Amino acid sequence: MLDLAIANLSSPLILCFVLGVFAALVRSDLYIPEAAAKALSIYLLFAIGFKGGVSVSDHGLDATLLGALLAGVALSATLPFLAYGFLRIMSRLDRVNAAAVAGHYGSISIVTFVAATSVLQDNGLSSEGFMVAVAAAMEAPAILSALWLVSRDGSARMDSKLWREILLNGSIVLLLGSFLIGALTGKDGLAEIESFIVSPFKGVLCLFLLDMGLIAGRGLRDNRAMIGPGLLAFGVVMPILGGLVGVIAGAGLGLSTGGTMLFAVLGASASYIAVPAAMRVAVPDADPGIYLTLSLGITFPFNLTIGIPLYLAVARMITGA
Amino acid sequence: MLDLAIANLSSPLILCFVLGVFAALVRSDLYIPEAAAKALSIYLLFAIGFKGGVSVSDHGLDATLLGALLAGVALSATLPFLAYGFLRIMSRLDRVNAAAVAGHYGSISIVTFVAATSVLQDNGLSSEGFMVAVAAAMEAPAILSALWLVSRDGSARMDSKLWREILLNGSIVLLLGSFLIGALTGKDGLAEIESFIVSPFKGVLCLFLLDMGLIAGRGLRDNRAMIGPGLLAFGVVMPILGGLVGVIAGAGLGLSTGGTMLFAVLGASASYIAVPAAMRVAVPDADPGIYLTLSLGITFPFNLTIGIPLYLAVARMITGA
Amino acid sequence: MLDLAIANLSSPLILCFVLGVFAALVRSDLYIPEAAAKALSIYLLFAIGFKGGVSVSDHGLDATLLGALLAGVALSATLPFLAYGFLRIMSRLDRVNAAAVAGHYGSISIVTFVAATSVLQDNGLSSEGFMVAVAAAMEAPAILSALWLVSRDGSARMDSKLWREILLNGSIVLLLGSFLIGALTGKDGLAEIESFIVSPFKGVLCLFLLDMGLIAGRGLRDNRAMIGPGLLAFGVVMPILGGLVGVIAGAGLGLSTGGTMLFAVLGASASYIAVPAAMRVAVPDADPGIYLTLSLGITFPFNLTIGIPLYLAVARMITGA
Amino acid sequence: MHKTHDAKRVAIIIETPMQSRLTDALESAGVTGYSILPVLGGSGKSGRWSREGQVGRAGGMVQVVCIIRPERLDPLLDAAYRVVDRHIGVITVSDCQVLRAERF
Amino acid sequence: MHKTHDAKRVAIIIETPMQSRLTDALESAGVTGYSILPVLGGSGKSGRWSREGQVGRAGGMVQVVCIIRPERLDPLLDAAYRVVDRHIGVITVSDCQVLRAERF
Amino acid sequence: MHKTHDAKRVAIIIETPMQSRLTDALESAGVTGYSILPVLGGSGKSGRWSREGQVGRAGGMVQVVCIIRPERLDPLLDAAYRVVDRHIGVITVSDCQVLRAERF
């Protein structure tokens, strides 16, 4: 476990993230243009979705897929309540902000997921291809729970337009779309574009993590004051908890070690794209400085550095691998 | 032929395009930043031009090149008259709009060309490298014909500045420039940058087609009302006709099956970059909602899905391969 | 030497640059979006830094590194005085403009460095990995010298904010950061991202040089009038001189032929990113049309086409290889 | 001399996730034309922000500019206000002249 | 207090393919300075548009902004009008004050 | 009818390398809000420029826009002037109305 953590910490991926945080903290003017960052993220979503689909077309679908999807949706919908409870105990956040933060932790971070698949690969472990679909399925339910938590005092606004925006947001459509394309075209399709989506993948992820580091570092720099010790603790404890629930779900479904670990990562990770956008629309009174700093500045780095090896170790233990 | 069509429809390229159309139609916020789309197009132009040049340096130039260039220019210059006639019969477009649309169909779509080369490759067919130069040569003449058609009633504005813009537009310069670089550096040059312009090519094309799907879908969504049944029919019949003329030209010149098919694709495809820009300047009264929707929303998808395998089948027949 | 120059001139790299210059001079609308150009430069800095670091981790550090760093700093700090003297003799530039130009020539151009490493590789020569760190170290000292030259008559403004901006500018942080990451992760790290940062490297450099050509050509087109014969001569003589000093430093330190040549390139090349930005802040009266045109429009193309093979030939001679 | 006509220029800086809601509301209020300009960054009560390196749209803002006839100002402001309301955003109105008034 | 001078701010939203024709015309009309701002999208008589994912320039618009002395307004509008004429585009003029008037 | 309040709109076009110095100075002068808009290119005494394909920031400009209460104009102009001073840049001030004046 310690070995794994150290190996993880000294991978180019993590070091690129650290470089980004460093550059932001010392106020270097290093930056990745918005269009380039967006292009990198499109590449990663497309590649991870496609490869997931190919793997499903390869191994075939079984009943576990449905179970995993349902478990994922359930996890996403219920984790916000757990998070909300914790926040009300551990921090002084008001209800609206606590609910908004809670929504982020039920949902998922696809980069954390991508980084985890890359760690799996380094460890020679495979995973169920459909976990990509589970990831997509887990994006939205948490938003519903968060809005329900908020709306009890009438401060949330929900309309059908928002529903469409959440369910058809670009990441979900691209992830599921490329998953389907991968599933339909299978190994032949993969062979056609392998040297685009497989070989350079890790390098692209490096640059993307550099950008994530820059953004996370900038967030920390500017919003440090908002994160008291209670929130800080939450940002570390909540992913561990979510990870544990995820491990249990994964193992309970009989997933492979890799799949179980990915389930943990989905439980542990916090959204920083889909949920913030929905919250800005539906819960404008919640402060993005709080939920973005927690999700991107605390939980994301925690998962990337300590969380992922931890979840892998636990998944290994529990699946007896 | 049916096999080919099905194989074509289930390739990642087409599916990516379909995904883009789908995302646009359901109003997902999936988008590719303008700078990224432009970068992808620069990559594709550079790669296709360079590889064409290398192939010419490899096989040497022969008299066919000149013939093909002349035939291409003639095709580009005359197809607009055919298109114009059809439009005046099949649709209720006024002269100005009909001429503007006609110009698009004489000119070419380089992405369609690129997609066609990729289909050739999948079928183990090669083609004359100089077809890239033919493609470049066919961009502009059609504009002249369209302006001539318009100017009969004085609504077109032509100046020397526009001439320079058309003949030296970025795509032509990049395509011919990289073609020359490829021809000058040959196989050695290709070896140096092969893993940049050859291996990832198809994957890049996938993402570009995703973007094309997004734009085509958005165009269809917003301008559906403009395209009556007559125009719709034109958008499908005209490429078949242009393709036939192209096949005849290619076979007449004694090109290979691949080259003949590419000639058909050039005849069949409609411009959506160079010609629209020229029309905005010279024929401001023509409605871009009509010509862009026809070219991008009807003819491009038609060529991509049905046209390309059709032209290949016909080229095979006529060249006896 | 002539062979080398001709081989150099007919490489895709140079030809892409030439294509860019040509497109700018004929006023084609070919352009590379700012975000894409920035993304290419981030890729190049990351890749060159990383590979330098891996090479250091591979060969180990020795005393030469320190010597090379010190020599680099000394070169960067003193070359501006040489350049200033020349400029006052050879041209009619006033003190402020002469000092500003001089600062550019003490500092370095990382693209020239990158292009040089690529020429080394084509010639089967290796070089000391730490030269990347030397390059980073040479960016800033020249700025100090230039400001000292200017400030004698009080027209320069220097504040601590500017210091931070210069020392922590994005290129330096990314170059040194990826150098460190490469040094820390070594060959294993490289293996993970090799197909991203090694294989496509030269192709990316081609596109970047196309962009450099576009910018240099545009600068030449718009500012030709500012560059009299004196400045033109300076733009060619100064790099030869700086290159010579660099060769001597490199050979004196006992570097390999490759390392010696890279030292020459660092001495010969002129900044076009870091120094201009600093000059705009600190010496607003100096005319960017002069220093940018000289650096990008004269010296950069000279180094790329004639300089690099020249420095290599001299380095070979002097190191007896 | 060119004949110009009095008009109002309304500029609304608003969060990107609210953009389509705003333009929908403007269209419902009878606004026939508007343009959307990018905003790179800024500062306000809710702190500094910048678009650099962002992937999501939650963090950004855009500026929606409408040129309208003076008599249409009130319905427009009503519509805009209803959308911006509890959201961050700045609404300014200024006088201007337009050429080709027939297009408004 | 800073001394400011009356000036006019002319903002022209115009199709990208016409941009260089407009700036050439402005320069011929003696305009010594202008800035070009990007426009992301918009809506008007000819429908909605957006730059997202576009490769060609035909579909986009830019905003050209000139600050000029009031007495120079008429030749500028003449020049701008001649270019925009049958093209889509919006021309607005508003009053402003400039610092450093010697630069205009 | 919506209650609007008089305000000033200050727009400063300034070189990108000076941007953070300007916004720092504005903040020191008590300006609580501003937005930064991109500028694609332009022309002036120092010639034409364009951001296309640029890698460094030296060559570009941005536009900083502040909406402020009229009484705060002078300190703002002082601060802006001190930064722009010998640098290229255009400072304009115009009148406008704001909604939600409590936010300024």
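By written order: A, B, C, D, E and F. Residues from 1 in each chain.
Quick note on the criterion: a residue touches a chain if its C-beta (ideal position, glycine included) is under 8 Å from a C-beta of that chain, and two chains touch if they have at least 3 such contacts.
Small disclaimer: the values here were computed from a predicted structure and weren't measured.
Between chain C and chain E, the least number of touching-chain steps is 2.
Counted by C-beta pairs in contact, the busier of C-F and B-C is B-C. Averaging C-alpha coordinates per chain places the centre of chain C 45 Å away from that of chain D. Taking each chain's centre as the average of its CA atoms, chain B and chain E sit 34 Å apart.
Rounded to whole angstrom, the centroid-to-centroid distance between chain A and chain C, based on C-alpha atoms, equals 40 Å. Looking at chain B, one finds that residues 29, 31-36, 38-39, 195, 199-200 touch two or more other chains.
Among the residues of chain E, those touching two or more other chains are numbered 37-38, 57, 94-95.
Pairwise chain contacts in this structure: A-B, A-C, A-D, B-C, B-E, C-F, D-E, D-F, E-F. Every residue of chain E that touches chain D in the complex is listed here, in rising order: 13, 37-45, 61, 63, 74, 77-78, 81, 84, 90-95. Those residues of chain B that touch chain E in the complex are listed here as 31-34, 37-38, 41, 161, 211, 214-215, 218, 222-223, 272-274, 276-281, 284-285, 287-289, 292. Looking at the complex, you find that chain B touches chain A at residues 10-12, 15-16, 19, 22-23, 26-36, 39, 122, 195, 199-204, 206-207, 210. On chain F, the positions that touch chain D within their shared complex are 1-2, 4, 7, 9, 23, 27, 32-38, 62, 67, 94-100, 103. On the chain D side of its complex with chain A, the touching residues are 15, 17-18, 20-21, 46-48, 50-59, 86-88.
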